[in-house]
Amino acid sequence: MTLPLTVPPKPGHQTFLWSPLVTDLDTLDAHIAIIGMPYGNAYEPHAVSNDQTRAPDAVRSVTDRVCRSLERYDFDVGGPIYADRALKVVDIGNVPFDIHDQRSHFGRAEATVRKVLKAGAMPITIGGDHGIPIPIFRALDGEGPVTLIQVDVHIDWREHVNGVHDGLSSPIRRASEMAHIDQIFQIGIRAQGSARSEEVAAARAYGANIIPAFEVHDAGIDTIIDRIPDGGRYYITIDADGLDPSVMPAVEGPAPGGLLFHQVRKLIHGLVRKGRVLGMDIVEITPSTDVNNITSIVAGRLIVNLIGAAVRADYFDAPPV
Amino acid sequence: MTLPLTVPPKPGHQTFLWSPLVTDLDTLDAHIAIIGMPYGNAYEPHAVSNDQTRAPDAVRSVTDRVCRSLERYDFDVGGPIYADRALKVVDIGNVPFDIHDQRSHFGRAEATVRKVLKAGAMPITIGGDHGIPIPIFRALDGEGPVTLIQVDVHIDWREHVNGVHDGLSSPIRRASEMAHIDQIFQIGIRAQGSARSEEVAAARAYGANIIPAFEVHDAGIDTIIDRIPDGGRYYITIDADGLDPSVMPAVEGPAPGGLLFHQVRKLIHGLVRKGRVLGMDIVEITPSTDVNNITSIVAGRLIVNLIGAAVRADYFDAPPV
Amino acid sequence: MTLPLTVPPKPGHQTFLWSPLVTDLDTLDAHIAIIGMPYGNAYEPHAVSNDQTRAPDAVRSVTDRVCRSLERYDFDVGGPIYADRALKVVDIGNVPFDIHDQRSHFGRAEATVRKVLKAGAMPITIGGDHGIPIPIFRALDGEGPVTLIQVDVHIDWREHVNGVHDGLSSPIRRASEMAHIDQIFQIGIRAQGSARSEEVAAARAYGANIIPAFEVHDAGIDTIIDRIPDGGRYYITIDADGLDPSVMPAVEGPAPGGLLFHQVRKLIHGLVRKGRVLGMDIVEITPSTDVNNITSIVAGRLIVNLIGAAVRADYFDAPPV
Amino acid sequence: MTLPLTVPPKPGHQTFLWSPLVTDLDTLDAHIAIIGMPYGNAYEPHAVSNDQTRAPDAVRSVTDRVCRSLERYDFDVGGPIYADRALKVVDIGNVPFDIHDQRSHFGRAEATVRKVLKAGAMPITIGGDHGIPIPIFRALDGEGPVTLIQVDVHIDWREHVNGVHDGLSSPIRRASEMAHIDQIFQIGIRAQGSARSEEVAAARAYGANIIPAFEVHDAGIDTIIDRIPDGGRYYITIDADGLDPSVMPAVEGPAPGGLLFHQVRKLIHGLVRKGRVLGMDIVEITPSTDVNNITSIVAGRLIVNLIGAAVRADYFDAPPV
Amino acid sequence: MTLPLTVPPKPGHQTFLWSPLVTDLDTLDAHIAIIGMPYGNAYEPHAVSNDQTRAPDAVRSVTDRVCRSLERYDFDVGGPIYADRALKVVDIGNVPFDIHDQRSHFGRAEATVRKVLKAGAMPITIGGDHGIPIPIFRALDGEGPVTLIQVDVHIDWREHVNGVHDGLSSPIRRASEMAHIDQIFQIGIRAQGSARSEEVAAARAYGANIIPAFEVHDAGIDTIIDRIPDGGRYYITIDADGLDPSVMPAVEGPAPGGLLFHQVRKLIHGLVRKGRVLGMDIVEITPSTDVNNITSIVAGRLIVNLIGAAVRADYFDAPPV
Amino acid sequence: MTLPLTVPPKPGHQTFLWSPLVTDLDTLDAHIAIIGMPYGNAYEPHAVSNDQTRAPDAVRSVTDRVCRSLERYDFDVGGPIYADRALKVVDIGNVPFDIHDQRSHFGRAEATVRKVLKAGAMPITIGGDHGIPIPIFRALDGEGPVTLIQVDVHIDWREHVNGVHDGLSSPIRRASEMAHIDQIFQIGIRAQGSARSEEVAAARAYGANIIPAFEVHDAGIDTIIDRIPDGGRYYITIDADGLDPSVMPAVEGPAPGGLLFHQVRKLIHGLVRKGRVLGMDIVEITPSTDVNNITSIVAGRLIVNLIGAAVRADYFDAPPV
């Protein structure tokens, strides 16, 4: 039994922003593709279907809280999200997991993103744990040099954990090994994660820009945005725990002192203005610990800000409607 | 069966601030009247008794968390709330709903506020959804010109929704049509609501001052307060979703990036200092989604700040006790 | 039956930071001692085992969320918490409560802290309600002059409540009566507590520095830190309600407008840099109303920040490992 | 705006037993019609959209727990539910409520049932509160003499409550006034309801057979079934509180000592065997207080037992598939 | 400070059956007195205010679910609960606990019951843990010989636990030592409790009739009732865990296989018919683990059955109203 | 990396009945071995670590609710569980799951049971889903002829589901294919499961005794026990859903009308008396949907009844202590 690259959301779950569901990726015709990547590379059996696997459909489910309808005026972006243009946003469903062959999974995820990029669409991915950007990074190999912007508590630079190299502790290490990844900015860092002193040393040796959350609170997000070189090709990976637990409570490892929504929103708009944002992912949402779905709603709002900013920056060849 | 203008809170619910319950409005003798307005103008059957209808009694129920006792020192206002004066605060109960004649409801609400104003008392109303300020605005017709200050996610400028003109999507549109309403400030606006581009255009055509939440975060609330002309007669309508969901989580349509408590508190104190605050309402609290009653507590604290500020600004002819 | 000074955490609860459990306090050999003080001086029967009594073990239980492992890099402190030194941190368990003789309890608590101080260790205590710092203050009588730094909603200056003098409403009043307590800073004050005008007058007569939360938001925490004299011997008592309910929701009397984590973190680091922090307690956590254990996690993170800052300020004679 | 007789279930809710959704009742071609009747005749505003209004869609939602698939072997009925016959079961959706004209509602409900009966189909209705059988009883006027079988805690014989005659306290009184209703059996009666001594007297004057739950436990359900005359035309109305709260916990007025599932199941099978069951309703489920959806599941299982028994008793002209 | 014998329920809690609240026990004029005894004799600090202490007010709070109104027809007892007689039922509030002198507590409880008995009233007590019947038993010393009827999982025959002789593990042992206690029936016994083989031996040596729950299920409750001698003076003590956890889930030590409501109801009615029931208590309800308040409701229904049966057996000199 | 046959329970989880933990199965010396088998053979990714995988540790965690201490008198078995004998009960932990090679899992489970049987110990297994008895059945190949006693809603006779032959829908089909399995009794069957008519036909062709729950309620469990031949070698597999949802609510597919605790308890005691019970498993508990842990407690009580009955039937060569 060969699995398809993507499958529809679970029954009862709408697509994100009510966009058309497209699972035939060979004929994809879109400006933006929403991708669900529920599954990562588990360290132990309970993690195969960890809480994060439920996040893509959870975020889709709050579409009507993220956006009342597409033609409404959205004050975060200054008008209708699609700016009254014929923007082609599609939801390509979820990358499935082959229970009998876990190793095939990230290959499928990578192939999915390649199809999206080949079609000229911007991939916006909802994880899943923080392992899932790894195949996305790989698929970006024709898009470099890429400036990687990470919002996170953790720096995620482990070589491997228990022999698993593509797990949720390693995405930035993996990125650092890819020729097409250039500068790395790690914003919101605080508390502890999987990093030991040797991982911090490795990150510094690479030249990663580690920007603690406390620096953002002190200096202001504008200052941080200014530190990122203009004119780049940016890829944004947002770990929900990078934001403060009061903003996105549904995370596995909450740490106080995180970024606030208006800071991350400004970061996204700033990057769009500076150069080309190639894509974005939001990972590590654990829906079972959410409070009134606010974490999923915030995730959706971040995506909507990216779309609204990008279309206003004329990223897409979309005529007025 | 003719309904009275107001009825007592449900059994087991105290009055707000343990104030005397007065439902004979013809002999009302008070400086401040707390009014519960549970019911709005529903769009569909489930909304007749929506979650918001439970908010007036929910806020009353946390009185002992809002205020330990009236003679205690309140650091938000710099002394006992009533400033050791013989302030007459009464709770006039809830405006009831006639299940057999919905249309009579807002007439009763308006008549209630007129009685309060006629008695020379400041009306402070706990909703209810955001339709309930409409009859309050109408009752203010002898108090103009009124500067309307709204704290909200949404601009609420719909002409009607499904033929309902006095619903929760239309209060500011209705206000804009009243001769006694002058300038309108809409603060904390963000994300999406019922507004389409045409409603934004209408608001702008009127000259409404739309101040997005992000502008407040960037410029600071002091700057915003400065933009409001001094010496006015202000009426404040606060939609709980105008504050950040981390501050007031119990709302139907939470949107990240909202105002913080200290910003709204400063706005209230600032308006009291600038001129005459005629009254205030707090609406759109959904008690069933609250977290440790914090939304009701915050609502109560906002009211207590208004009362404490107003009495210190010598609004009321209340002698020392 | 004579009770020991301390007893181990309840079965199934680890020690804080997986530190060794030591209950023989006569041979204590440590730089830092973690103390649980579940029980205060109750005003009524339900308060004997109030929710706060469960906090010490609740905070211990989230050790693996506070800290992934001791050798990991902690970005709040800039390296492994213990800075790769042979720091001796021990958990000395909980001070037990004699159900047949309540009055003996605070004597036992005081004796426990004296043993810790005598061993040259810094006491870090997890309450319990806000009565529990009283015996700690007493035990500090050989450490003066002590500058007392309180983070709280409430000023806690009651002479007594219902005849109970060592209850949760009185710790700062008790402190003010001790010869070895010098200046008092009360930061984050807002809303109402047990204080009446007479308690505020008493605090002012003493010369207590009452710094409302709103002043912190306006002036910035750096300004507040600057107001505290350098070179002091500081003791820090943190009531969880001093922080904002969005940061530490599990408190009995939440009040909006509180301090944020990054402000309190900076305060702790600032005090360590200024002089000698003698010890710290965190009180008034009510685990049953927590949200995803975040309040316990924040408590742990505050402690970790103190430890990490103190070891880097060379407080302890701990050689590199 | 004229409302249709029925509308589809809310988005995201399947039909009961995945049956086809049919809302054109003029061309109805079915053996059995599933009807949702969310709305009753409210006594006060909160009851307009009481918890019971959510029950029809809640029961539909557990279809896959009630029945794994239609061709599976169901041991409650001894084979596939439809007995391998071409049984035409349709779900005709929910009778809507006109918020602007409550009085029209029961007329619409009655007309719906008349359409079903005219099409020769057996109506199985999911309420709603216990007012909703009243229009069903009315629609049965061409089916008499009808033996009414009620499973309930309460006898429901009030003339009116607060002037409302068609409310949840009155269905059996209303039935008793209809010429086509003959004998009445009221089974499971216990504790208190709306009945005063005068209602009990009225029921007895009519000749209603009041069978307390305790009599069922003592004598056994077989004895009770034997007391009901054979060869009748039965209509069954089941109030969920007639069953024990351990079986159907989601009811507004739980009373211990109720009927068990196997007793009610046997009653249904017994009635089908004795004569002709004309239809059935299940009312008074309050989904918000359910435990693991068990109340909705039990409701579904009772319906499935009726369908499976009826098809095996050759009620319907349905050929083998 | 001398405590009164009883104090009113907590604010917001009605009396049981809306009966008059009487705390002046010297002038008590009543047929039946409802007593709350929240506090027992704790084994450790957390047990001073264990969950059971909240049960008296929890049961009072569901009065309107136990009984819709006093004049309604109650099918458990065959008419209005008070049988249309001028029955004087009073609620005498809760026996308070002196936090500074625990030993005084059971003296106060005993004195309370003596006052009730002296006034000729039947005491019906809501606990509290299973220690609270001990002072009740003592107060019955003028009523002997008393046949003690216990419904329980456990036999409760411990001499003491940790030196506490009047704790929840010892009530039947204490009863066995009282001259006025004659036969003892222990019904519903199963699983494990505090009893070791020596306690079972002691019970048997005394001649206690231990009737396991499984014997009740096999033989039927009628057979068990027949085994209790007629014409006795019975006192009934019901531990909520004696009933099945599906009937009364809110208990600390649930054990499957327990008595059902209709069995215990029949036992109460049977005892009333056989002789004189002197009083009853219901203990060991833990409201925080209840499911839809059903445990409190069942407790209330058991009391209502006793009252209704007793008044119909002409226990009280109450004329028709 | 080769996995051991079993691993200890998760940190913080005690062993069942506080029995010694033994994971060296080659030197096993025991009369009874408690085995956890968390993992089955999943049909899809989320099922790899389904809720049932948490059941073994959940049941262990309620040991102190199942049994207060081993020397206490247990009225379900008529004395201390081990009957004052030197019974060797050990807990051998959980069979682990190799995330990289799922197919190896049931081999490890089977090998574990073989080790237990080889040591002469009775295996009592806590699942896990209903696939986990399959390797147990296989390991019994030297114990035949075995009479298989199943308590369940479902007959579990599927040849395979989606190509998985050893899944939770197939255990009895697999058993039927084993030469050492003789008669099969399936008790409590009702509602629907995976069986289609062809599976029922297969079961009947085999001669399986399908005994619906309703037959047990009608005829009594004694009659059913009598139908099972005496003198057999019985293996008991209990699916928690075989009991009524009011008794064991924490199951995935609850169906009303199930067996009661006292019926299943009697079945276990009856089988022990009739012949030799070789072992038992309890499966399909979903801890996340439990109510006050009652399902885990009931599971533990069933095991305790088996142990207590078996030791009293002299199954084990255990001398008095």
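For clarity, chains are labelled A, B, C, D, E and F in written order, and residue numbers in each chain start from 1.
The criterion applied here is as follows: a contact is a pair of C-beta atoms (placed from the backbone, for glycine too) under 8 Å apart; a residue touches a chain by one contact, two chains touch by 3 or more.
Keep in mind that this is a model prediction, so the values were computed, not measured.
Chemist: Superimpose the Cα atoms of subunit A on the matching ones in subunit E and note the rotation angle, 0 to 180, in steps of 5 degrees.
Modeler: That rotation is 180 degrees, given to the nearest 5.
Chemist: Is it true that over half of the residue numbers where subunit B touches subunit D are used by both copies, so same, or is it different?
Modeler: Here the answer is same, because the shared fraction of interface numbers exceeds one half.
Chemist: Please flag the chain sitting at the greatest distance from subunit D, going by CA centroids.
Modeler: C
Chemist: Determine, using the mean of C-alpha atoms as each chain's centre, which chain is farthest from subunit F.
Modeler: Of all the other chains, the one whose centre lies farthest from subunit F is B.
Chemist: Using mean CA coordinates as chain centres, what's the gap between subunit A and subunit B in Å?
Modeler: 39
Chemist: Report the inter-centroid distance (CA atoms only) between subunit B and subunit E in whole Å.
Modeler: 50
Chemist: Which positions in subunit C are in touch with at least two other chains?
Modeler: 246, 291
Chemist: Which residues of subunit F touch subunit A once you look at their complex with the stated criterion?
Modeler: 1, 39, 42, 44-49, 53, 97, 99-100, 102, 163
Chemist: Can you name the residues of subunit C that touch subunit A in the complex?
Modeler: Touching subunit A: residues 65, 67-69, 71-76, 79-80, 84, 244, 246-247, 260-262, 265-266, 291-292, 294, 297-298, 301 of subunit C.
Chemist: Over in the complex, which subunit F residues touch subunit D? Could you list them?
Modeler: Residues of subunit F touching subunit D: 189-197, 199-200, 210, 212-214, 217, 245-246, 249-250, 253-257, 289, 291.
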